[in-house]
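Below are two complexes that have chain A in common, paired first with chain B and then with chain C.
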Partner chain A sequence: MTDPLLQLDHVRVRYRTRRMSFKGAVVYTDAVRDVSLELGEGQTLALVGESGSGKSTTARVAVALERPTSGRVLFDGNDLALIGRAQLRDLRSQFQIVFQDPHSSLDSRMQVLDLIAEPLVIHKWGNTGSREARVHQLLDEVGLPRATTGRQPHQLSGGQRQRVAIARALALNPRLIVADEPVSALDVSVRAQILNLLSDLQKQHNLSYLMVSHDLALVNHTAQFVAVMFRGSIVESGPCDQVITSPAHPYTRALVEAVPSPDPAMVSPAGTVREWPEHASGLGCQYANRCPQARGTCFDTAPPVVELQLGRSVACHFPLVAGTTTAPTTSTPNTGA
Partner chain B sequence: MESGSPQDDGLLVDPVRAEVIHVPTEGESGPAALLPESVEPERSPSPMAVALRHPAARVGLVVIAALVVFSYIGPLIWSASPNDTDLLVILQPPSSVHPFGTDDVGRDVLARMMVGGQVSLNIGVAAAALGCAIGVVYGAISGFAGGRLDSVMMRFVDGMLAIPVLVLLIVLAAAFRPNQLLLILVISLTSWLIPARLIRAGTLSMKSQDFIKASQAMGSTSTRTLRRHVLPNSVGIIVVNATFQVADAILLVAYLSFLGLGIPPPTATWGGIMSTGISYINEQAWWLIYFPGLAILLAVVAFNYLGDTVRDAYDVTAR
Partner chain C sequence: MSPLDEMKSVPDVSSPETEGVLELRSLRVTDSHPAGARRLVDDVSLRVGQGEILGIVGESGCGKSMTAMAIMGLLPKGCAITSGSILLGGRNISALQPSEYNRIRGKEIGMVFQDPMSSLDPTQRVGLQVADSLRVHTDTKSRAARVRVVETLESVGLPEPAKVADSYPHQLSGGMRQRVMVAMAILCGPRLLICDEPTTALDVTVQKQVLDLLRGIRDSFGTSIVLITHDFGVMARVADRVAVMYAGQLVEEAPMGDFYRSRAHPYSDALLRAVPTLHGTRSARLWAIPGTPPTPAAHREGCGFADRCVNVRADCLNAVPALAKGPSPHHRLRCLHPVEPADGASTSSTEQGVGQ
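Showing the complex of A and B:
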C-alpha cells in the first residue's frame, strides 16, 4: 500500500475553557481526544457524528487551520506542524477546504471573478489574463455560466454560491478537498446537485475528499469510507456500506436507526440517539452512559480499538458484529484500503 | 463513485429521502438550468450611495458644503481684513458695512468668522483623519493578533481613555504655544482610541467568520488578509466614525479657543469670538455669540447627520 495522502496520527485538540474551577486551576476541554485516520489518493472518507463530536475540528486540523495539541497531521508525508510557515503556505495549494455556509465563506464585497481568482493571486499564478481564463474554465467545471464573474455573492443563490466556493477550492488543482458539511446549509433540492458535482469533479481530477457530515444517509451516497465520531474519538470506521448495513458500535447503530422513516407506524427501536450528560468519572467508554448494553467494564475501562476486518475497526468492548479477527489489536482505527 | 445506491442498504431504504438525494445525472444539472438569466449582472448600489439618497445626509452635506464655501471662498469675496482694528467702530451691531458686526477692537466679525471656519475645518478634518488612521491600524492589528498582544494593546487603550481629554489639552496648551499642527496632533492622539476599539471589535467578530478562515486556508498571509478582507469590510465603521470624529474635533477646538487655550490671538477662531462676546455680554453684543455659536452648531450637527445616515446605510446592508 502506498503512503496515504492525508494521515492524522493520534490527534488531540484541547481548548482552554473560560470556566475556571476552584483554586483558579484552568479547565480544559478536549474537542478531539484521539483521532487517527488515513485517506488515500482519490478516495472519500466521511466523518460522521453529532454536533460537538469534534468532526469539524478534525476537518480544520486536517487543513492546518488549527493546530493539534498533540499528535501529527501528515499531508503527503509532510508533517504540517514541522514544515515552516512559508512552506506550509505553499503546500496549502494542494489541500483546500469548502465550508458549510457559502454565505459566510465568500467575502460579500468581492465579485465572483476575484473570489475564484484569489487563491491564484495568493500563489502568484499567471497574470491577470490567464487568471481570468482559468476562472472561466473553473466556472464551466462547476456548472456556472461565465457571466457570473461580475456578480457578487448576494446576487447568487445558495447552491450557486457553494459552486463558487467549490470553484475557488479547485483553482489550484488541489489533491485533497476537505468539505465541512458542504450541503447542510443548502436547500434540500440543491443538495444532490452539489453532491453530484463533487463526485464528478472527484472522478475528473482524482481528488481525495474528507467530508464532514451529520447525515448518515448522505454519507452512503458520497463516501467509500466512513469514520463515526463520538465526543472527540472515532468509535467506528470502515467501508461505508459495511458500517451502515451492519454497524458494530452501538452508537453507529443508534445513528443508523435515527435516520427518519417516512412511515409513522414504524417506531424506532430501542437505542435512539439522545442527549446525555458526560459521566462523571471520565473513565471508561465515553458512550457508556447512553449505551443500551453497557456493562461494568464499560464504565471503568476505555475500550480498545479492535480491528474487525481489514480496514474496519471499532472501539467497543462488546461490538455488535463479530470480527474475522477477534483478537484485540492496539492499532488505531484505520480507514483507507 | 462507488457508494451503495439507496436501494442496496436495507436499513436506509427510505423512499422520501432517496428521492431527495437521488438526482441528477450529468446533463440535468447543466448551468442553464441553474442561473436565472434574467438577473442583470450589475453591482448593487454601495452603502455610501444609499446613504446619500437620504434627506438628512443631503442636509448635512449641503451645510458642510456651505461652511466650506463660506470659510475658504468667502475671504476672496469679502475683502475686509479679519485682523485690522478700527477703534472708531468697536462693538458695532450688524450693519451694511459690517454684516456680522464688529468686535471689541473694531475688527470685522464676518471676516473673522471665515478665518475661524478655516481653522475649525482644517483641524477637524485633519485630526479625524489622522486619529482614525492610527485607530484603524492599531485596532485591526490588536483584534487580528488576539491573545496576549491584544490584551496588552487594549489595556493601553483603556488607560489612555481614563485621561480626561480636556484636562490633557489644557496642560499641553499651557506648556506649548498651540498652533494648528500641534492641535491636530494632540487631538488625533487622544481621538484614535475610540476607532481603535471599534475596529478591534469588528475585526474580532470578522476573524471567526469563514471567509477570513478561507483566505487563511488559501495560504494568504495575515497582512494580506487584513488588507484585502478585514479593512475593506470595515469601511463602514471607519467612515461613520471618522465623520463623528470631525464633529468632536470641531467642538474640542471651539472649547479650547473659548477658554483661551487654542490658537493664540490674533488668529480668529469661532470659540475665540464667542469668548469675546461673553466678556461684553452686558453691552448686548449678541452678534459675537450667536454667529460663531450658530456656526459651531451647524458644523457639528451636519457632520453628525452625515455620520448617522451613513451608519444606517451600512447597517441595512450588513449581513
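Showing the complex of A and C:
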C-alpha cells in the first residue's frame, strides 16, 4: 500500500471544562482520545458514532480547523503542526470541508458567484474573468444551472445550497474533502442526489473523502472503510462490508441492530443496549457500563487495540469475531492518561 | 371533483367494527399568504382506530406537521382550517374555542415533539413539569400528583423515577428527556397520542428504544397514536398503517406490510428506493428523485408530483387525481399511472432486492 494521503497518529484533543474539581483544579475532558487512522487517495473513510463521540472533532482536526493536544496529523506526509503558517495556508487548498447545514455554512448575504469564487480569491487564483469561468465550470460539475450565480442562498432549496457548498469545496481542486453529515439536513428524496453527486465527483477527480455520519446505512452505501467511535476512541475499524456484516465490537453490533429497516419484515427485536448510566468508569473500557457482555476486566483495564486481520481492528477484551492474529499490536491506546 | 364527491368514492379503510378514535374529513388548512391563501393541507381524510398506530410520512413542506398541528388545535398564526372537520371520538373538535381546546389538549390528546430539550423548561424540576397537566385537568392534590408522576415515569422505563422527578432537564440524557416527554403526554391517559418526529433528535440506539416504548404504550393502554416522520425505517418499526403525504395531499395509504410490498404511487416507491439500507450493495448508485419537494401553492392544476414523476403522462397535468382504491385491500391511492406492484416488490433497486 502506498503512503496514505491523510494520517492521524495517536491524536488527542483535550478541552478545558467549566467545571472545577473539589480542590479547585481545572477539569479537562478528552473529546478525542488517542485516535489513529489512515485514508488513502481516492478512498472514503466514514467516522460513525453517536453524538458526542468525537467524530466531528476528529474531522476538524484532520483539516486543521482544530489543533490536536497531542499526536500528529500528516497530510501527504506533511505534519500539519510543524509546517509554517504560509505553508499550511498553501496546503489548505488541498483539503476542504463540507458542513452539515448549508443554510448556516453559507453567508446569506453573498451571491452564489462570490460564494464559490471566495476560495479562489483567498488563494489568489486567476483574475476576475478566469474566476467567473471557473465558477461556471464548477456549477456544471455540481449540476446547477449557470443562472444560479446571481442568486443568494435563501433563494435556493436545501439540495441546491448543498451543491453550492460542494462547488465551493471543489474550487481549488482539493485532494481531500471532509464531509460532516453532508446530507442529514436534507429531505430524503434529495439526499440520494447529493450522495450520487459526491460519488461521481470522487471518481472524476480521484478525491478522498473523510465522511462523518451517524447513519450506518448511508455509510454502508458510500464508504469503503469505516471507523466506529465511542466516547472519543475508535472502538472498531475496517472495511465497511466486513464491519457491518460481522461486527467485532459489541457497540458496533448495537449500532447495526439499531438501524431501522424500511421493510417491516426485517424489524429487529427489541433493544439489547443499555441506555444508561451515562458516565463511564475512568479506568476500564468506556463502553463497559452499557455493554451487555461486560465482565470484571472490562471495568478496570482499558482494552488493547487488537488487529483481527489486515486493516481491521477492534478495541475490546472479548471481541465478537475471532481474529487471525490475536496478539495485540505494538500500540496500546486507551491506557488511561 | 368536489371534496364531498370524493368522500363518497373513497372506500372505508378501517374495519367497520373499530370505532374511529380520530377522523379527519376532507381537512383543508390554508395560510394567509399575500399572493393568495395557499393550501398547506389539502383535502386530507384519515381515520385512526382504537389502539392503532398511524404513521404519516412525507418530506418538509408536505403538510404532515400542519396536519398534526390542526389536530392539536395549535395551528400557527395566519393558518386556519378552511374546510373539512376533525372528529375526536365522534365529536367535532375543529371549530372549538381556544379555551375549550385547552380542556382536550393534554387530557384527551397527548403530544410528543421532536426536541425534548426545547419542550422542557430548563429552570424547573422535571417532576413538577410532568405534573402540570394533572393540575390543569384534574383536582389531584400535590402529594397524590407526585405519586402519580413517579409511577408514570417508571412506566416509561426510567430507572430511579423519584430521582428523575427531582432532576432538571439538563441532568438527563436525550433519551431520558424524550421518555419524560412521553410520560407527560400519557399522564392523563389520553386516547390519542400525536408524536411529531419524536426520535429525529436522538441517536439511533436510543431512537430504537423510544420507538419500542411508544409501541409498548399502545399495547398496554390501547392508546391510538399518530406518528409523524420522514423516516421509513422509523415507520416500519412501529406503525400499523402508513399514509404518505405530498404537496399537502394524501397520495397513498395502506397497512404497513401491504405498503412495503405493493406500494403503487411513484412517489412512495421512489422515496423507499432512495433510502440506503444496510443490506444494499455498496457500489450501486442510489435511486434519486429529480427535482425538489414543492412549495405550498394556492391551487394545483394537476398531480403535485407530476414534474418529478417517472410515470408522468399528459393526463396527469390536467386534473388532480382522486384518492381511489389501490392494488391491495384497505389501500388508497391518488395516482393515474401507478407503478406495477410486482415490480415494486421484487425487482426494485439492489437495496430492496436483497432486503426481501
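Following the convention adopted for this analysis, the second predicted complex is superposed on the first by the 310 of 337 C-alpha atoms of A that agree within 3 Å, B and C clash if a C-alpha of one lies under 4 Å from a C-alpha of the other, contacts with A are read in each partner's own complex, and residues count from 1 in each chain.
To be clear about the criterion, a residue touches a chain if its C-beta (ideal position, glycine included) is under 8 Å from a C-beta of that chain, and two chains touch if they have at least 3 such contacts.
Because the structure is predicted, anything quoted here is derived from the model rather than measured.
> Just checking: does A:D187 make contact with chain B only, chain C only, both, or neither of them? Give me first, second, both or neither.
second
> Look at A:H154 in the shared chain and tell me whether it touches chain B only, chain C only, both, or neither; answer first, second, both or neither.
first
> Based on the superposed arrangement, let me know which partner A:I244 touches: chain B (first), chain C (second), both, or neither?
both
> Comparing chain B against chain C, which has contacts with more of the residues in chain A?
After superposition, B is the partner touching more of chain A.
> Between chain B and chain C, whom does A:H214 touch in the aligned arrangement: first, second, both, or neither?
A:H214 sits against chain C, while chain B stays out of touch.
> Just checking: does A:A322 make contact with chain B only, chain C only, both, or neither of them? Give me first, second, both or neither.
Neither partner.
> Report for A:L255: first if it touches chain B alone, second if chain C alone, otherwise both or neither.
A:L255 contacts chain C only, not chain B.
> Which holds for A:H123: it touches chain B only (first), chain C only (second), both, or neither?
In the superposition, A:H123 touches chain B alone.
> Just checking: does A:N196 make contact with chain B only, chain C only, both, or neither of them? Give me first, second, both or neither.
Both chain B and chain C are touched by A:N196.
> Overlap the chain B and chain C contact sets on chain A and report the shared residues.
157, 159-160, 188-189, 191-193, 195-196, 199, 216-218, 220-224, 240-241, 244, 256-257, 259-262
> Which stretch or stretches of chain A touch chain B in the complex?
44, 60, 63-65, 88-90, 92-93, 96-97, 99-101, 103-109, 111, 118-119, 122-123, 140, 143-145, 147-152, 154-155, 157, 159-160, 165, 168, 188-189, 191-193, 195-197, 199-200, 202-203, 216-218, 220-224, 240-241, 244-245, 256-257, 259-262
> Provide the residue numbers of chain A that touch chain C in the complex, in ascending order.
Against chain C, the touching part of chain A is residues 50-51, 157-160, 187-193, 195-196, 199, 214-218, 220-224, 240-241, 244, 254-268, 270-271, 273, 275-276, 278.
> With touch defined as at the start, can you tell me which chain B residues reach chain A in the complex?
These residues of chain B touch chain A: 1-6, 8-12, 14-17, 20-26, 29-32, 34-35, 37, 39, 41-44, 209-211, 213-221, 224, 229, 232-233, 319.
> Hey, which residues of chain C end up touching chain A in the complex?
59-60, 159, 173-176, 203-209, 211-212, 230-237, 256-257, 260, 270-272, 274-280, 282, 284-290, 292-293, 308, 351-352, 355-356
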